[in-house]
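In what follows, structures are represented as structure tokens.
Each of the next two complexes has subunit A plus one more chain, namely subunit B in the first and subunit C in the second.
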Partner chain A sequence: MIRELKIRFAGLVLLAALLPTSAWAESTRVSIMLSDTGAAYTAFDSALRKSLAGIAQFTTHDVAADTSWTSDAADLIIAVGMKATEAALGRTDVPVLAVMVPKAGYEALLGRGSSQQRLKPTSAIYINQPWLRQIDFIRVVLPRRSKIGVLYSPVVVQRELDDMRAAATARGMKLHTHQVSSPESLFATLDTLLNDDEVLLAIPDSAIYNPGNMRNILLSSYRARIPLVGISQAYVTAGALGAVYSSPEQLAHQSAGMVRSFAKSGDLPGVRYPEDFSVAVNLQVARSLGIGLASQEEIRTRMIEYGEGMR
Partner chain B sequence: MKRDLFRVSVFRLSGAAMAFGFLSGYVQAEPMQSEDAFLQSFPVVLSASRLSQPQADAPNAVTVIDRDMIVASGFRNIADLFRLVPGMYVSYYKGAQPIVSYHGSTDQYARRMQVMIDGRSVYLPPLSMVEWSNFPITLNDIERIEVIRGPAAASHGANSLQGVISIITRDAGGLDGQTVSFTRGDKGVNDVSAHFGRRGEVLDYRMTLAYTADNGYDDLKTVPNNLLAAIPMAANVLNNSNDSNQARMVNFRANYHPDDVDSVDMQFGLSHDKQGVGFSDSRANPMHDLVADSSFLQLQWLRQLGDASELKFSYSHSGQSQDEDFMLVTAPFAGHRVIQSVDVQRDEIEMQHMLPVGDAHRLVYGAGWRRDRTTAQGYTTAMLLFALPVNYGSSLSQDEYRLFAHDEWRISPAFLLNTGGMLERDRMGRSSVSPRVSLNVYLNPQHSVRMGMSVAHRTPSLVEERFQSVPQPGHLFIPDPAVTSPGLVPERVVSREVGYLAEFLDWDASLDIRVFSDQIGNGIYVSAGRFMNGISSRYYGTEATLKSLLGKDGELTINFSHQRASSNVVALAGLAGDVLVGSIPRISASVLYSQRLENDLVFSAAYYHQDAMQPYDRGPTDFQPAQDRADVRLAKTFKLETGINGEVSWVIQNLFNNSYTEYIVNNLSNRRSHVNLTLNW
Partner chain C sequence: MSEFVSFRRRVLTLMIVPVLLMVVTLEGVFLSNRFSDLDQSLLERGKMVASQLAAASEYGVFSNNQGFLQAVSEGALRQKDVHGAVVLNAASEALVKVGDTANSLAYMEVNLLNPVRSGKRSIWIYQPIIPVQVALDDFGEKPLVQQLGAVVIEMDRERTDDLKSRLLWLTALITVGFMALVLYLLYLAGRSITRPISELSEAVQAIGRGELDTRVELHSGVEELVILERGLNRAATLLRQDRAVLQQKVEDATRALREKKEEAERASQDKSRFLATASHDLRQPMHALGLYVSELQRKVTTPEQRQLAGQLEQSVESLSTLLNALLDISKLDAGVVVPQVQQCDVAAVLRRVETDYQMLASIKNLNLVVRPCRAFVSSDPMLLGRILMNLVSNAVRYTPPNGCVLVVCRKRGAFLRIEVRDNGAGIAELEQQNVFREFFRLMPAPSNNEGKGLGLGLAIVDRLARLLDHRIELRSVPGKGSVFAVEVPLLATPPEKPLLAMTGGVEEFTQDETDGWLADKRVLMVDDDILVLSSTSSILASWGCVVSEACSIGDVEQLLREGAEWDIVISDYQLEPEASGIDVVALVRQHHRWQVPCILISGDTSPAILKLASVGGHHLLHKPVKPAKLRSLVAYLLQRAKPE
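This part shows the complex of A and B:
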């Protein structure tokens, strides 16, 4: 199988060298596997199809609806979300680009995969923002606050916490992690954090940040006048001060670049964080907390400038 | 429900499942390993009605007293907190009967200011007063207090002629756990309270049980230094303090929020209070106990109609009753018994809709209805001495209606225009319109200027409307059903102000300065035993607040007020001298400083100054000399291994024993202290 694959890629590369660009790429057959048919997944699907229109051929599958599916007829699988990624890695030998996957989940999946799985070209674009970018957001939006508090449940691995702390230290800030050891102790732990720290940074941990807890987390932090920085637009709508996130469109755009690269080289670039990102802020909350905010675009520009300045 | 408390993702991965023992049994996956955390949606929690308006956007000057300030002040009584508001006068008629007033009105009926708890008016026009000692809430239940300095009738209705005090209690979810608190101190200070609460996915609740007691002011044993010995001796005011207070209360608040759209808030509270009233030199009002009961039930339904549009319905019922039963002891009434009671029952309904209109407007409009039923009765054989019936009483039911609208228009980043108005039909059947307009100009994000003008009205109180000119013993006021005061019209104030707000980021400091002029027309006064309109007065001056964060661990607040008054009372027959001019302290100031120290210690200190003044409705005996008072508080927090957190604190009030009297000459305050132990788990 692997031999056949290599021959096919060799042929592809040869073809690419000989033919005009549009002609070679059209032969790239991309199979998009969606973990779910939710809005984010379908938005990604249509954005990717749009940006590679005329360059690649697409088929889309819903993993949840089509459990027995295998993909022999594709050159590349784009697995959207963890369920699709797990299915794609387990069932076929076709190269896989996982997108909209959390870093921790993707790494865990690879860690327990068979060696055969690891041999085929595999890469990912995480859904997480790099910690430095999150810290830079706080730097730009709350320049006078340097104590960042993070709540985490025991599912969060120590290395992630170390990475967060290292990112904060690199920007001259302090990040304190507070473990919520049981559901009952969530609010006591939050009260400690609100007493000690100046901004609450959410991490992707739905044991803590879920619709049931969100109300009281936001109300408590607002009472303490400590802003919450979230990880998606939904946090901001609920009442977080702001969030840095990458939209499905932005992720699709980056994926399209990786598909092009794959079409050229027959190999996938390494795993990476989202390149392009959006900034969302809640002006009403900011105003009420007495925090003056620049426009979202300006915050974004300043983050990029600040990040580059720190390199 | 506990299963759902920590929502788990459906995505199944087993790698590190044993790492979190507390979730074992019902956890199926590590939430961090699914993208769900990034894609889940949440209800709008911090909606417009939950967000407090920043001072720079407000149409009025606003002073906020938050929890940190409440704790740092070391005060035990809610009324004392208003010493931290520039220009506000705080005193006590008796030890358990605070007076809180603003810009004049320094008398026991602070009738020109609206007072609300969670949006529910606790100013009782029938009694013309706010029963500060009998609120069914403790200081611990208060989240923050917002004081609007200046008329706000356009948003808060009649009686907010000079300002509005808005007490906001902790949310139902404001406490998760248990707290007990014990306070003991000089002058019989003995407070105990227990609070407990839970936060849940769809239901939050909290409850308070409390007992507070003290013996009021110190005993006046020597002649105050501003008086000649003969004056207080003649007035027989020495050792004249029966002003203790014992209050028991319970309150409960629950919030049910089943989905993203609706939330229902329910509160109730009861308070039972025994207050010492009366004076040893009074023939009709000797020392005796007054029993006050208050209760309330409040329901509020909040419905989210979109990202920023909200509908709010509220209903509340409040009841307030006061009873006294005592013997008259001085000739010619000696041996006659007095039994009196006053009861006020209030029902109130309000509907409010808040919605954005375009990008630049935020509109609030609504309507309200209120009914006050006052029942009062008395019995005393002493009435026979005046050839009057031994039984007397009255029963009144009065309705008020209101329509209001307010628009906040962000014209450009540099201009914010607030316009609003209220149309009211008051209890006496008169209609009035109270408009307000204010423009906030942002010179830059840190500096803004506010210019405002408004008109407000005050309906005559029941005392003014139905004043019983016949003798009536005791402390309570029993309205006379036969008196109607035809021709008495509402007082009217035209207020103008210019405010300047500045933030100094480099020093973590903010400054709030206001220059004001309030012109009161149709002012009500007493002449020949009757209440009449006729006083024209003007209150004007400057107020300033400077706040500075001294790092994360310190905070400093300085308040200053300089106020003047002028009026036509000299020209009005029967009034000698401009009592209004002398009835306000020309300069008052306060400083509150707090600092977190090493070893879990917290220190705070406060200083209060008030110039000398003559309380508006008291005679020269009760001249109030200048006050200077310093309070300090030292607290240490600790953690026990059993998971209990605690704090021990020691408060010394009037540290330098700079004894002063206020409002009534025998209200003497010396140095006193109290200690508190609070445990929570």
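This part shows the complex of A and C:
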């Protein structure tokens, strides 16, 4: 219930943000901090500027390139990515909206910060999709598979695992978590998972899902004919069966709403998951694994219908 | 020639050393590059195999699939030169070992920091297994690339070493072959120069030996050599032409010389013939004239007639002396007198001189003293006698009455010096060189007519001394006297038996002493000259002898057949035709069967006749014979034969 309320609240905020606010917006100075000039970040930057054109004044900084940056002249900092967030939180008392950050990472940063930092208005839009949405995706794409396996390293907090299991249970599925205690034991743990479960669901955990391991994880899952569900479009490109993700434009849109809200109230709404999402599938992988798939739009539509239906 | 480096060797050295240096240097660089390439290639292939194996092993190591790794590694082992392979996990534990490396721990010596280790037989190559990076939208920190494991590949050097060794041998072989080819080419090229040069050298030596027909044909393409060849051939041709011209000249000169010589010889023979003829033909009538005058003297009775005959005899005597002197000097000049050098008793010679001139000296009222000398010299006794006689005669002639002529001998080292001294007028120093010239007479001439000389005596002495190689010395002070000295080589050891003097043993007898001895003695007189025959017969008859005359050996035979017998034979030496007095004597002695005494008379004074006569033990008299001398000899021989 609480979650539903939150979503409704978010919808209200969104509505408010969409109202014409030209009279005050000009005075809001927004400083966008990018972790680097990667394609996703710059796409977010330009999409945000476009959404808030004429409403806010923007300056953009590349944290990786410009280390001597100061934010004295900004009303709000939008930190894009973990590095920018870390820099923004550590340096000023200007309100910070972090976007495209993993939930675990953001929470870790906040936990590490000083009391003064905690006092300033801080919020975030996670890169993570809400667990229910992930489960819904599996449910729509692989309706016959109900045993979901998850690998996690010791850095993942127990609460997240509990949330995951809860979400699976809510959709009538079984979710098994397998801890990978060391890099050496990855294969053995993966092997166990692939023997026991029917779907491998990736989570944002760079100790396991990193560029070096990715290929071997994918290879192992193929051999076991267990599909992997990723957390971004890159996973799909690398060989995952499919993924639910939010594009930079979708995130920018959501961020624009938050900025408007901040401009209006002078305060930031609380942290939240991405509201809008996209679906990506790898048809080649699906063919190799003998899985028939609907189109991405259809899957998305079904997910929303299924989600609506389950509510 | 050994200390000189041969031309060919020098050329070879000059050409071969740079080539050798170049070839060896190039080969060295080539080999070094090639070896390094081979090593590099082995290493590169090793690295390639290692990286392939690393890529292939990635999933095997990730999944710890040892069966898979074994298969992949063995696949790598099938690659060329791969000797072994080891796959390590992240903890550097060996997951799989294949090949020879399985038994060794050498793979542990290579790692990420020292990825290559080169051993004697192998190269170990370490290759980390880095997982293929898959791009993900990373929302958190980007983790470091993690090494999944590693592979170690052992590459065997054996094949590379074999290849190197083969390459080395091949290179060496090619080098040797190339050098041999170069040497051969150089030899050919060198020969095209050195052979013509040695041919030229031989040709020059042949020309040096005088073989001027030598020509060189080099067939060489070298310009300088062709020039040399032409030059040498031209020089040889010129030399040959010059030599021919020279030879022609020499032959011409020789021919001219021979003609001159023959001419001279002919002239000499003519002269000799003239002398022989003159001495024979002139002596013959002189001889006869002397005998006639002698007989005439015996037959005249009145003092007036006797004085006339005496003057006639004196004139004949002078004529004879003059003739003898002229003939003597002519013979000496003509060189027909050959000295009979022998062991010679000086005492005998001196005795004869004394005998001959004692009478003359006493007539001139001079004191002639000959000091006896017992010495033997090497000379011709007859010619030495003539020298001394002429000197004494000269001294006697130029010494005034109551003067003294002294003949003495002195030993001077290896020589005997015989001196003829007088205390006469002496000879001025300016004249001393002239006294030996022909017909030279000192002024003033002696007053008395009797001793007047011809001026030939000392000229004859000079010629005889030169002929005998005796030195003549003259010392003289005008107004005090002169000393003529002749130096004769002494004999070291005197002969054992006394020498036979030519005139030795003949005693001089006076006419009175011999008067009775000649009476009724039968004498055979042989001479082919009627005038001489009749004059001699006439004088012998006047001495009381019974004379048989014969003109030839045929007449003698006739007389013998008629039963004639003789006590003595007097014969001319030369009888016509082709017979001699010796033959006559032999015939008579054979017929009478005893050694009939004999006298040979000759107008010829040649040494051959003297020798023949002396061998036969005959007594030889030279024309013109003085009647007194003949009578004395006849008397002596008859007296000696008497005891039979």
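Things worth noting here:
The rule we apply is simple: the second predicted complex is superposed on the first by the 291 of 311 C-alpha atoms of A that agree within 3 Å, B and C clash if a C-alpha of one lies under 4 Å from a C-alpha of the other, contacts with A are read in each partner's own complex, and residues count from 1 in each chain.
To be clear about the criterion, a contact is a pair of C-beta atoms (placed from the backbone, for glycine too) under 8 Å apart; a residue touches a chain by one contact, two chains touch by 3 or more.
Note that the coordinates shown come from a computational prediction; the quantities given were computed from them, not determined experimentally.
Legend: residue contacts after superposition of the two complexes on their common chain; A:A238 is shown touching both subunit B and subunit C. Once the two complexes are laid over each other on the shared chain, residue contacts for A:V271 go to neither subunit B nor subunit C. Once chain A of one complex is fitted onto chain A of the other, the partner contacts of A:G111 are limited to subunit B, with no touch recorded for subunit C. Of the two partner chains, subunit B and subunit C are each touched by A:Y209.
Counting residues of subunit A touched by each partner, subunit B versus subunit C, the larger count belongs to B.
In the superposition on chain A, the residues of subunit A contacting both subunit B and subunit C are 40, 81-82, 100-102, 104-105, 127, 183, 187-188, 191, 204, 206-207, 209-216, 218-220, 232, 234-235, 237-239. The touching residues of subunit C, when paired with subunit A in their complex, are 58-59, 62-64, 89-91, 130-143, 145-146, 148. By the touch criterion given at the top, residues 35, 38, 40, 81-83, 100-102, 104-105, 108-109, 111-112, 127-128, 144, 147, 153-157, 160, 181-183, 187-188, 191, 198, 203-216, 218-220, 222-223, 231-232, 234-235, 237-239, 245, 282, 284-285, 287-290, 292 of subunit A touch subunit B in their complex.
In the complex of the two chains, the subunit B residues touching subunit A come out as 2, 4-9, 11, 13, 15-16, 19-23, 27, 30-48, 50-54, 57, 143, 171, 173-174, 176-177, 199, 201-202, 204, 257, 260, 307-308, 445-446, 503, 505, 508, 552.
Residues of subunit A touching subunit C in their complex: 40, 81-82, 100-102, 104-105, 127, 183-184, 186-188, 191, 204, 206-207, 209-216, 218-220, 232-235, 237-239.
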